[in-house]
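This is the structure I have questions about; it appears just below.
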Amino acid sequence: MKRTLLVVSLLLCVATIVVAQSTLINATGATFPAPIYQKWFEAYHTAHSNVQINYQALGSGAGIAQLTAGTVDFGASDMPMSDDMLGKLKVKALHFPTVIGAVVPTYNIPDVSTELKFTQKALAGIYLGTITKWNDPEIANANSGVKLPGDDIVVVHRSDGSGTSFIFTDFLSKVSPDWKSKVGAAASPNWPTGLGGKGNDGVMGLVKQTPDSIGYVELIYALSQKIPYGAVQNSDGKFLKADLAGVTEAAAGAAKTMPDDFRVSITNAPGAGAYPISSFTWLLIPVQIPDAAKRDAIKGFLNWMLADGQNMNESLSYAKLPAAVVAKEKKQIAMIQ
Amino acid sequence: MSTATSTIDRAVPPQAGPRAFVHRLRHGDEVAHLITLVFAATILLITSVMVYELWVRSDITRAKFGFAFFFTSVWDPVAEQFGAAPFIFGTLVTSILALVIAVPLGLAAAVFLAELAPRNISDTTAFLIDLLAAIPSVIYGLLGIFVVVPLMRKPIGPFLKATLGHVPLIGTLFQGPNYGVGLLTASIVLAIMIVPFIISVSREVLLTVPREQREAALGLGATRWEATWKVVVPWARTGIMGSVFLALARALGETMAVTMVIGNNPIIASSLFSPGYSIAAVIANEFAEASGDAHRSALMELGLVLFLITFILNGCARLLIVATERGGGGRPA
Amino acid sequence: MSDLRLAWRKSLNGVMLTLTGVAAFSVVAVLFLVLGYLIWNGGTSLNLDFFTQLPKGEGETGGGMANAIVGSLKLLALAAVIGLPVGLLAGVYLAEFGGKTFSFLTRYTTDLLNGAPSIVIGLFAFSVAVLPLKHFSVLAGGVALGVMVIPITVRSTEEFLRAVPNSLREGAMALGANKWKTIATVIVPAASGGIITGMLLALARVAGETAPLLFTAFGNQYWNTSWSQPISSLPVMIYTYALAPYDDWHRQAWAGGLVLLALVLIANVGCRLVLNRRGANRSA
């Protein structure tokens, strides 16, 4: 007994001392880009072993909230902070776009493995609760040749404050006046119906386990789980399945007219090949970082992210940032004191 | 009399006044009393600070909504409209339903262990059941997601729908789409979690019922069951009620297992298959991201409500259990 | 007529008694089902990697929960340091000193604290230890768990101190020891077995708590190096992994659950056996 106690306490001491010299940076935020962020942070740590970036993916809402409370060093969000939110910050924060991703409607319908096409009205209706069955004409008419069951649709959304929810509801608000008036675009909208899952992975988990369900997740989550996801009707009327080309085209227009604070929405972008539910996602970095080691580490990471990091995007199906945006961001890094 | 610097302990100590105090101090009793008193007072301090923090940090929503907070059912952090009704509904429904399932089961098991089983089997079984109470909540949640939810989807849900769904009056409870997660699943998981409390306290209370009561009933010609149900159990009635209150308090505060299987949708629905939300679950899910002061205040107010409810219930439970032990049971038949 | 009634009563008797047996049996069966499931699903996933590797990112396979296991141990150590002395000394106060009203107040608030939902204690720890320090930390998690340890320790300490026979107290006083010496050198050592097992049970109870750690300890993918930094813990990892869609994470969640359950059950079984044996010895 005594010896085990001794061994355990020695191990604890060793564990504490071994990495005592590193800089630990704490961050929290969106699950939308979490797969690529974690890959980045791991790669950066391998290259710079004294920098540890501890990212807990709790949702964009948590990213903004904890940044405002000052309990984390930086945040991450798929929803740009509104002027209201920025006003509440004690230290001003800068938005740094990192990747461009796509939100896809993923579903689990028994015996249906083909790709479904969703009209704008269909998605709005399903999430408003006005379309309740899979064989509803709005869905069936766009998918002639697919046998859809008459089962009730199980709607899955986010239970936590989510940038992915914001992107999805932003899109719905643009294409459905009904949605805009009844619910609107938000990170925690007042969902008319459905089950709540925590994080992109929670939604994916629920959809995977619940027959007849539909949920909205970032592309990589559906791809990695090999769960079918549908094509969405874009502003030109074409049905597009999310892919790098569609997302890049959606961002192309915004790249030319990117505002200085990088806050922009690219849902329902014009263009025949533009995927309609695309979005930038941002790191929210305070403009003043008192701890010099942390500041250098964060600035170093941002520079790395805009160069080497971007080369890793496509392996996880996120689109690279347009060159014009990268150049603008590099200038913004200098603003961090 | 010896002076203050005397080291002879066994001399007669001064009776009163500052010298007496110093004497007692030197002998350590007063110090020990003081130290232990301070630590006991720390508990009071912690609890008061807790209530104070909950009260103060919920002031925004308390001022804005007042008592309407309990009756409104809109929960919209964006529009800063907060109503606690769906969470209170979810918490109460799952806890009460858990009791409905757990109390008969637990009481029956306690009766078996106290009355029928031979002493050593009873002790071993009670020991094993106590271990159930020690299992952490997140593990019940794990089993809830991977075992109970799929079972609810098929076969339990459809079975209940086909049978109880057609019974008049309670039929509406079992209609509507069955997702697997929902109020009923959460209630079942909660029931499994609280059954050990009911069994262990009820068993102890039943064991304290005097033998004469039982023997008198048997002597009058009652069957074993009749003696138990009509004499022994009523005698232990208050203690059993106490165990029920304790179990209820535990169920109300349960967080992890509930949030993993309840569906996390703040609605008030008439079907037990529908998803719901409980107070503890919404605090766990939303607190990390509550950025508006109003949102955080609303969650703190929910925490305050939960604390008060469990406070009242625990008080009642203690009173009942103490009443049984002191008074020797229920009124004589 | 009365024969019929007797037959009915007898058959009711048989049925009901069998049902009670069934009830007891099914409750015990649940325990074995829980254990069985965890061993079945988690046992195969337990390998050296699980105990030695850090977790990997979303969707990647492999990795382990090494930092979570150490994290839980660290949090428990802090909870012990914060909660056990308070519990012990308060228990001593209630058993040995104790004025009437103050004792009543203390017992009442101890019960209150014991019944408080763990999420509420998490809220308290957040207000008191996270906001002022502007940091999620081991400290905040330790405070939350420590507060939960206190009521359980107070209750068991008081109980075991009271169980020490008065003859020991009187004997010590007859030999000239004053009160605190008696307590420190005679009574507490006499009750020490029970008190220590009570403490271990309290720690086993909070080892499995998840809710209070969600917004205090936060979570950490790396090894924790400082008391004021976030830390990973086993229950929170199990929760996070269980909700995700990745099969590899599910596998690790089962393994983590098995490890946690094993620790908790070993502590509980061990302590209770010790207590039962002492109880038997005392009454023998």
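Labels for the chains are A, B and C, by order of writing; each one numbers its residues from 1.
Here is the rule we use: contacts are C-beta pairs under 8 Å (C-beta built on N, C-alpha and C of every residue); 3 or more make two chains touch, one makes a residue touch a chain.
This one's a predicted model, so the numbers in the text were calculated from it and none came from an experiment.
Taken as a graph of touching chains, this assembly is fully connected, with contact between every pair of chains.
Greatest centre-to-centre distance from subunit C is found for A, with centres as Cα means.
If you average the Cα atoms of subunit A and of subunit C, the two centres end up 38 Å apart.
Averaged C-alpha coordinates put the centre of subunit B at 16 Å from the centre of subunit C. Centroids built from CA atoms put subunit B at 39 Å from subunit A. Looking at subunit A, one finds that residues 28, 69, 197-198 touch two or more other chains.
In subunit C, the residues that reach two or more other chains under the touch definition are 243.
Residue positions of subunit B touching 2 or more other chains: 288. Listing the residues of subunit C that touch subunit B in their complex gives 9-10, 12-13, 16-17, 19-24, 26-28, 30-31, 34, 37-38, 41, 85-86, 89-90, 92-94, 96-97, 102, 105-106, 109-121, 123-124, 126-128, 147, 150-151, 154, 176, 178-181, 183-184, 204-205, 207-211, 214-215, 235, 238-239, 242-243, 250, 253-254, 257, 260-261, 264-265, 268-269, 272, 276.
Considering their complex, residues 56-59, 70, 73-74, 77, 130-131, 134-136, 218-226, 229-230, 243-246 of subunit C touch subunit A. Taken in their complex, subunit A has these residues touching subunit B: 28, 58-66, 68-69, 85, 88, 152, 154, 159-161, 184, 186-191, 194-198, 206, 209-211.
For subunit B in complex with subunit C, the touching residues are 9-10, 27-29, 31-33, 35-37, 39-44, 46-47, 49-50, 53-54, 57, 104-106, 108-109, 111-113, 115-117, 125, 127-132, 134-139, 141-143, 145-147, 192, 195-196, 199, 223-226, 229, 249, 252-256, 260, 280, 283-284, 287-288, 299-300, 303, 306-307, 310-311, 313-315, 318.
Taken together, the subunit B residues at the contact with subunit A in this complex read 74-79, 149-150, 153, 177, 179-181, 263-265, 275, 285-286, 288-291.
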